[in-house]
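Next come two complexes, and both contain chain A; in the first it sits with chain B, in the second with chain C.
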Partner chain A sequence: MDDPQTSAYQPVIGLEIHVQLSTRSKVFATEAFAFGGEPNTYVSPISLAHPGALPSLNQACIEQVVKLGLATHCQIDRQGYFARKNYFYPDLPKGYQLSQDQRPICYEGQVEVLQSDGSLKRVSLERIHLEEDAGKSIHDLDPEESLIDLNRAGTGLAEVVTRPDLRSAEEAGALLAEMRRLVRYIGVSDANMEQGNLRCDANVSIMPVGAEAYGTRVEIKNLNSITHLMRAIEHEIARQVRTVESGGTIVQETRTWDPVSQQTLPMRGKEMAADYRYFPEPDLLPLDLSEDLLHDLAASLPELPQARFQRYVAAGIPVNESFTLIEQRAFSDYFEALQRQSGDPKTAANWLLGPVRTYLNAEGIEIADFPVPPQAIAALMALVEEGQVSLPAAREQVFPALIAAPETAPQALAQRLEVMMESQAGELASAMAALMAAHPDEVARFRAGKKQLHGFFVGQLMRQFRGKADPKEVNEVVRQKLTAS
Partner chain B sequence: MVEYQTLADIQRDLSTGSLSCSDLVDVYLARIEAHAHLNAFVEVYTEEARAAAVVVDQKIAAGTAGPLAGLVLGVKDVICHQDHGLTASSRMLTGFQSLFSATALERVLAADAIIIGRQACDEFAMGSSNETSCYGPVRNPVHPDYVPGGSSGASAAAVGASLCHASLGSDTGGSVRQPASFCGVVGLKPTYGRVSRWGLIAYASSFDQIGPITRSVEDAARILHVIAGPDGKDNTAHAVPVPDYPAALDAPARPWRIGYLQEAWDSPGLDPEIRQRGLDLMARLRAGGHEVKPVSFPLLDYVVPCYYILTTAEASSNLSRYDGVHYGYRSPQAEKLEAVYTRSRSEGFGLEVQRRILLGTFVLSAGYYDAYYGQAMKVRRRIRDYTLELLSDCDFLLTPTAPGTAFKLGEKLDDPIAMYLSDIYTVHANLAGIPAISLPLGQHSNGLPFGLQLMGRPLAEADLLAASRYLMDLKPL
Partner chain C sequence: MTSTPTLESSEGNRTFACMHLSDELLDRLATLARLEVAPDQREHLRADLQRMLDFVAQLREVDTEGIEPLIHPTEGANALRPDEPAGRLRPDQVLRNAPKSDGSYFRVPKVVDKEGQDL
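Moving on, here comes the complex of A and B:
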């Protein structure tokens, strides 16, 4: 990507992101849907397109798309309507897909994409519309025939269409990651890419650096992971640069990404482009979304991951750690509870990204399955903060005990483990006096300016008290005695 | 058996015990057999109707019978009936059985109507003569050389010949009213959205309505009262509560303001006898104290082109589901996917259906969309707005139902434009979404009946039906 040929060109990229909505029933049919059912079990006369069947509209899907639109600062078309996209395909029983054409529910939005360095890249959205998914054609199970599974037919998809604002594969990957985070946070999709909950098409073109007119764009279909998206874009940019540099021209076409050979392959050219004959869907009335509904949905939105990120960075948590904290909604929610109860975001982040995450990784579990509630970790943090338990004892002894007995108060566990530090100011003071008497030279050298000897006395005292003294308290006693004249 | 004019007459005899539903069903079954040459029924539910009659007779005896007890009904072959055949009179759906029932059909059954059979129609309700049915043409009960009209031709013929007491048809551009006119019966197309379309095979979704074909206005009111109303399964069904249509018939007649569309009555294509009958009726209305005034409808020339562009566009999409893949006809010659589509559809659909699919595909195509579909949508809006404006100043609009009486079998089959123009007065109400009714008010010197059409305000079926009964009862001057 860094060779001089490539750097003479500016890539221009836009994405179409298909978000499968996490409603329990289909968007234009009444039956339930769940991932992984036996083929053709989640079907009805509506999704099978039987004669006389009419679509019904799942209000929950509308609300999810509106939420997504509100979270991406879109305008909401309260009178949007549906359209039919006509084409023949065996996994599309009606012969048309219910979608939106002229009046999508959401338009003109924007997403601030968090880049890996913590900076923000603004990407404009052209629209977000609601459409139904098709079924699945399976070509590799039977040697003779193609098989069709219509479970997915009629499930709701939000299609997010960006402006061509992206300039690199990294930016495209960051946008898809941002959208995945966002839809999970606001609860409109599970966004599991391996289950096809989140799919992406990329429009890629190149132009000479400094040019204003975009080049001819190529659409790459069905990119089903962030890695594939980035690889496909990188390779497509390189292919286009090679083509132009060798005197060729880019033709408008649709290509597909082959992860095995790591290249994009032609699917169909412009002359093969289907004429979808969109027209307004007469079986569904235009939407009539009330102001009240929009207000309610806006009020129902949680704090978005980006706002959390900014807040964490402002609280002094490093950028990369803030990233990790917001990546998953549940993890971030745990952190929110922990920092609220402890009142100390930085230490809370250290606990969560330290011992807690180490434990989760070792056990291979998610935060949802972590047995210790945030208030228990906060209580343990308080013991350390108040000097009652040392940090190493807290991490290495009390924390494992807490995992084993999450119902027990950390203080009780610390007592059982005999790691509670009591205030030993008096004993420490007399022990220090004895120590100073035994080491007059060191005292004199300290007072002459050799301040490192402070550590010598601390070490001696700690050893005498076998780690049961509070280091803070020891430090304080040593400082007082040595500086007292 | 006397030919009952109204369900009320039937119910009176049922209540006195001089008649039973079982008797009634047997009479109709015998008449269906005797009139087999009309070719009205695709399938007769002999045993099922007899069994239902026994049940309804028991309910009548127990005093628990529903409002349509004693109604023996035929149903057009585009209305879904669970576990019954459903073909839209097309080879494409030969052998197909519906998994569910239309809302309208469920409602008449719940009201204790007895369904005696399934009636032929023009294929996928596309036609004005009932000649495009895959089961062969249906004949006019008044004269078998003539068509019964279409697309609900068999449904009107069956009522006209008393093969059943009433029928449920469907009306996209006149498919209930024009055959009612040709067969001398009453045909009502409700306001778009008044009757749920759930379970009605779609021809043109923004035009289609189920409507009753009856021997009397009163029965139209009673059936509409049962089938109308909101339905969660049809997003376009009106939520407005259903008034008591039968009760509204007894409301005292008030002076109506009736506009007659000048362009319609002055049209050179209109049969002079039908025109004269209209003028007579207007004179009698005036004599009855009603205001009858000419209104201009300069858009009349646009209604047929506008209608055929929009309905074929919707039809081209609605009929895409019949692709040979999931159900219905699949060409035995086809192996590859492309051939499954093209061969199944070429062999499964008749020529008129193919003509309309091609036309509709064309008007929606890139490069033609704006000139045809887009333009027609604008024209439709103007027609609707203009019509509603007329109806703000008139209670009703009066036109002929069709330009002439029934034509001969085969007469217009090879001239689609002439066939389409026979819809000129009826498509107006479907374009505007308003209710309209054809009333059997005329008897032509050629021996055939004809109807006159009254159109009303959206959702004002109660007024439309009350005025209709008044018109039917008007005595000659």
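Moving on, here comes the complex of A and C:
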């Protein structure tokens, strides 16, 4: 946004985020669903819209949408109901999508978006409703025909609609990252963008800086990664600024993002305004959710990632490290256990983001596959803390040994590796006395002012103890002996 | 620019009363339903639809002020099922009634062009 032309305009952005719910069966149909299954193998007469097939609502989907609503501070409409959204498309066999119109389950929520500098940006949510996904159309395998796979048809989606509160591509990217983290933490979705279980549309407009009325908005469809979302918004803002600056007007339309040419393109065939003719779904009874259910679901929510982040920063862990710690639930859970058992969040963070993460990256594995339990790392941290093993020895020798033998106590490994520090001050003191007797000249020169000879004695002692003495302790003994008159 | 005739979509809307089914509206309905209406079918279809609209207009005359909307004609709520997968069909059963398939996928006339845009 360095371009002075661009900086004369304020972008205004809202997102529609589709979250595929991680249930065992579909939302209105009873069959299972698995990503990557052979085409048309997860299909029932309900998904096929065979005559007489009726929808059957999955309780888990309701519970997940309510959980998502509670985690985003939404009002919950306990008497919501479903509606038909009518349109024809080959991957929608019924000719309508089961969705919600007037009474979404969740409305008027908000998300505090954690930005990369650690600051928070509040984004209001208009609604979260439950709907079914369509099947999948494949257009690029055959020149003459489109191929339809109905495995995904009828799977549960939560659609999160934000208010136009976002002001830059970065903020939009941060919101999507926040939502991805949140839905994973509360366990309502895998939110894997490559697999399409988190998808996003963006509404983008511009207005002169300082203006209050929003400009005409353009909807960009099907943004399937955070990078694509941000690039698409940046380019759409630039396109709108160019259009307005050259005397044109922005047309309300739907565009797609083409990652190859790095531009948004208009979607043809949408000239006719969509007319979905919503009406209440007669095949499904309305909801009547009890206070008890809402209560139980609220109680089932884990600590949210942002609360953890705030706690970590308060414990003195730097912002960027706190960010990394909360990014994945499993990693954050490991850290929680480690900091609880060690009682030292900062050092725990250093271990986890240092040697542990380096190991995970090198092996290409996730924390779930890390063989060493948190209590073993905590025990190793304690050995360092108590001065029994030096930090370098702990990192370079005991830690790899621990990975090879996760069941063995770190202390036993340290003994086997002969890296336990001989921390008896008495032994060090007598060794120092002998050293001073052997080097009277150096002692005299030190006392005459040549202070760097301190290092000479430290080095001699460390060599004698073959690195197994605590450097802090050695330093202290040397200082005391040399300065004693 | 003349506005496209629309069927007001929001629930509870009252514009149906005495609506006249114009040629334009008939065309629009046909497009939304993806139907090709032959010229000699138009009058029959229009008369049919007009009767439906008139029927609804008659219902609209009832004063419903202050009465809760009836979302569903039967009593009850929360017809929920536990999240347990039940039967699914074999692919050959899924595809049996399709006008065209290749044993794995339904095959339909191209709905978007190479760039992924709707035709």
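Keep in mind that, in the parts below, the second predicted complex is superposed on the first by the 444 of 485 C-alpha atoms of A that agree within 3 Å, B and C clash if a C-alpha of one lies under 4 Å from a C-alpha of the other, contacts with A are read in each partner's own complex, and residues count from 1 in each chain.
We adopt the following convention: a contact is a pair of C-beta atoms (placed from the backbone, for glycine too) under 8 Å apart; a residue touches a chain by one contact, two chains touch by 3 or more.
Just so it is clear, the structure is predicted and the values come from calculations on it, not from any experiment.
Contacts for A:54 in the overlay, against chain B (first) and chain C (second): which applies, first, second, both or neither?
first
Mind working out whether A:90 is in touch with chain B, chain C, both or neither, as first, second, both or neither?
A:90: touches chain B and chain C.
Scan A:147 for contacts with chain B and chain C and give back first, second, both or neither.
Only chain C; A:147 stays clear of chain B.
Would you mind checking which one, chain B or chain C, touches more residues on chain A?
When the residues of chain A touched by each partner are counted, C comes out ahead.
Which holds for A:275: it touches chain B only (first), chain C only (second), both, or neither?
Both chain B and chain C are touched by A:275.
Using the superposition described at the top, list the residues of chain A that contact chain B and also contact chain C.
Of chain A, residues 45, 48, 56-57, 86, 88, 90, 146, 148, 275, 277, 279, 282, 284-285 contact chain B in one complex and chain C in the other.
Give the list of chain A residues in touch with chain C in this complex.
23-25, 30-32, 38-45, 48, 56-62, 79, 81, 83, 86-90, 101-102, 137-140, 142, 144-150, 256, 258, 265, 267-270, 272-273, 275-280, 282, 284-289
Spell out the part of chain A that touches chain B in their complex, as residue ranges.
It comes out as residues 45, 48-57, 84, 86, 88, 90, 93-96, 146, 148, 275, 277, 279, 282-285.
In their complex, what parts of chain B are in touch with chain A?
78-80, 86, 88, 93, 96, 98-100, 102, 197-202, 204-206, 232-236, 313-314, 316-317, 319-321, 323, 325-327, 337, 341, 361, 364-366, 369, 373
Chain A touches which residues of chain C in the complex?
4, 6-7, 9-12, 28, 31-34, 71-74, 76-89, 91, 94-95, 100, 102, 104-119
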